Amino acid sequence: MELIPGNSLITASPEDGRALAVLIARNTIHAIQPDVEVLRRNRGEDAADPDGRAVAAHMISIEFATIAAANNYWR
Amino acid sequence: MELIPGNSLITASPEDGRALAVLIARNTIHAIQPDVEVLRRNRGEDAADPDGRAVAAHMISIEFATIAAANNYWR
Amino acid sequence: MELIPGNSLITASPEDGRALAVLIARNTIHAIQPDVEVLRRNRGEDAADPDGRAVAAHMISIEFATIAAANNYWR
Amino acid sequence: MELIPGNSLITASPEDGRALAVLIARNTIHAIQPDVEVLRRNRGEDAADPDGRAVAAHMISIEFATIAAANNYWR
Amino acid sequence: MELIPGNSLITASPEDGRALAVLIARNTIHAIQPDVEVLRRNRGEDAADPDGRAVAAHMISIEFATIAAANNYWR
Amino acid sequence: MELIPGNSLITASPEDGRALAVLIARNTIHAIQPDVEVLRRNRGEDAADPDGRAVAAHMISIEFATIAAANNYWR
């Protein structure tokens, strides 16, 4: 699995940049969780778990800051 | 649902930029929470839950830093 | 209520910039907490709650970083 | 009490900049904690509380990043 | 053990940069955990522990931001 | 004890920069923990405590971002 889908931080728009941030966060969480069975079970719990959402949300904010800078903020 | 409302980080003022940061944070939290029923229930609990507020608040600060840079700080 | 008091990130001094960071953090916490009754009750508890202080403190640090950059660090 | 001692982010050296970051973090924590009695009690507990140290440590890191940028990293 | 594999932040691509961020995060976590026995035991628990994943994920996001800036975002 | 060993953020290499980040994080944690006895006891517990590792790890990531910028990423 790629960690950075498309192997580039350049996107056509802020919306695409945000979607990329979501994917990068997800791929990293998968990459650092080697036990697939545990991952599946946790994924089900995460849907109802505010803490699990917090981790993903925080990552996405930081990834998006990096992607936005890479794209010169789509100015 | 759009992740970045208006598909742009450029706003007329800091106040508009902060409001955009709040919306981006909310939209991401919704996007990574697929179970609507759980979301509704959690939303009610979040109102009284300092931890839920903390996650949103932290996201908003980081999103605003990105938006402020995109707008060259509205100087 | 304004999210960004004065609708500007530009301040006369670092001290004023820090005070603005404190206000922006407070206003956002209020804005994402719609239930006033819960807010009042939590506000009382927050005074003795290290976690509540942590959330506000962390927000203020990030807001101040943004404000300091906006003011070119008052150099 | 000043939030930013000396009302400036400019310091003579990295060591002085780090000491300023520590003071700014402390002053903010005091400013957002209005109940002095609670503060005193918490201060005693904080010495043994890894979580209390975590909040202060995290703040100091972010304040120092801001101060270092303000001083062009003392290059 | 090296803290920064290859002693450089420059990589050929975003994918390589992300992989480097993962390694830097892991090496630092090992470096600050001197008791190997505890590390091994914790490593087994971490696989199922959302909190352990959160720490690593957060670190990787920040390391990647630094690496991306070092590489001028591979533009 | 110095907060910034050598009173400089400039290092010869990324590896040296990372080692400096580890030292700065440690020195700050010591500086904000005045009770040596508690520190010693906590240090023993920290070795097995994922939360203690998390605080240090997070600090190191942020300090390294500052040091990397100071060294223009050793390009």
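Letters A, B, C, D, E and F name the chains as they come in the text, with residue numbers starting at 1 for each one.
The rule is simple: a contact is a pair of C-beta atoms (placed from the backbone, for glycine too) under 8 Å apart; a residue touches a chain by one contact, two chains touch by 3 or more.
These numbers were taken from a predicted model, which means no experiment stands behind them.
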item: Common touching chains of subunit F and subunit B; value: none
item: Subunit C reached from subunit A - shortest hop count over touching chains; value: 2
item: Same-site or different-site touching of subunit B by its copy subunit C, using the half cut; value: different
item: Geometric centre distance via CA averages, subunit B-subunit A, whole Å; value: 16
item: Distance between the centres, which are taken as Cα means, of subunit F and subunit A, whole angstrom; value: 27
item: In subunit A, residues with contacts to at least two other chains; value: 51, 54, 58, 62, 65, 69
item: Touch-based graph of the chains, sorted into line, ring, star, complete or other; value: ring
item: Cyclic chain order - from subunit D, heading first toward subunit F; value: D, F, E, A, B, C
item: Subunit E-touching residues of subunit A, taken from the complex the two chains share; value: 2-4, 7-10, 24-25, 28-29, 31-35, 38, 42, 46, 49, 51-52, 54-55, 58-59, 62-63, 65-66, 69-70
item: Residue ranges of subunit F in contact with subunit E within the complex; value: 13-15, 17-19, 22, 47-48, 50-51, 53-54, 56-58, 60-62, 64-65, 68-69, 73-75
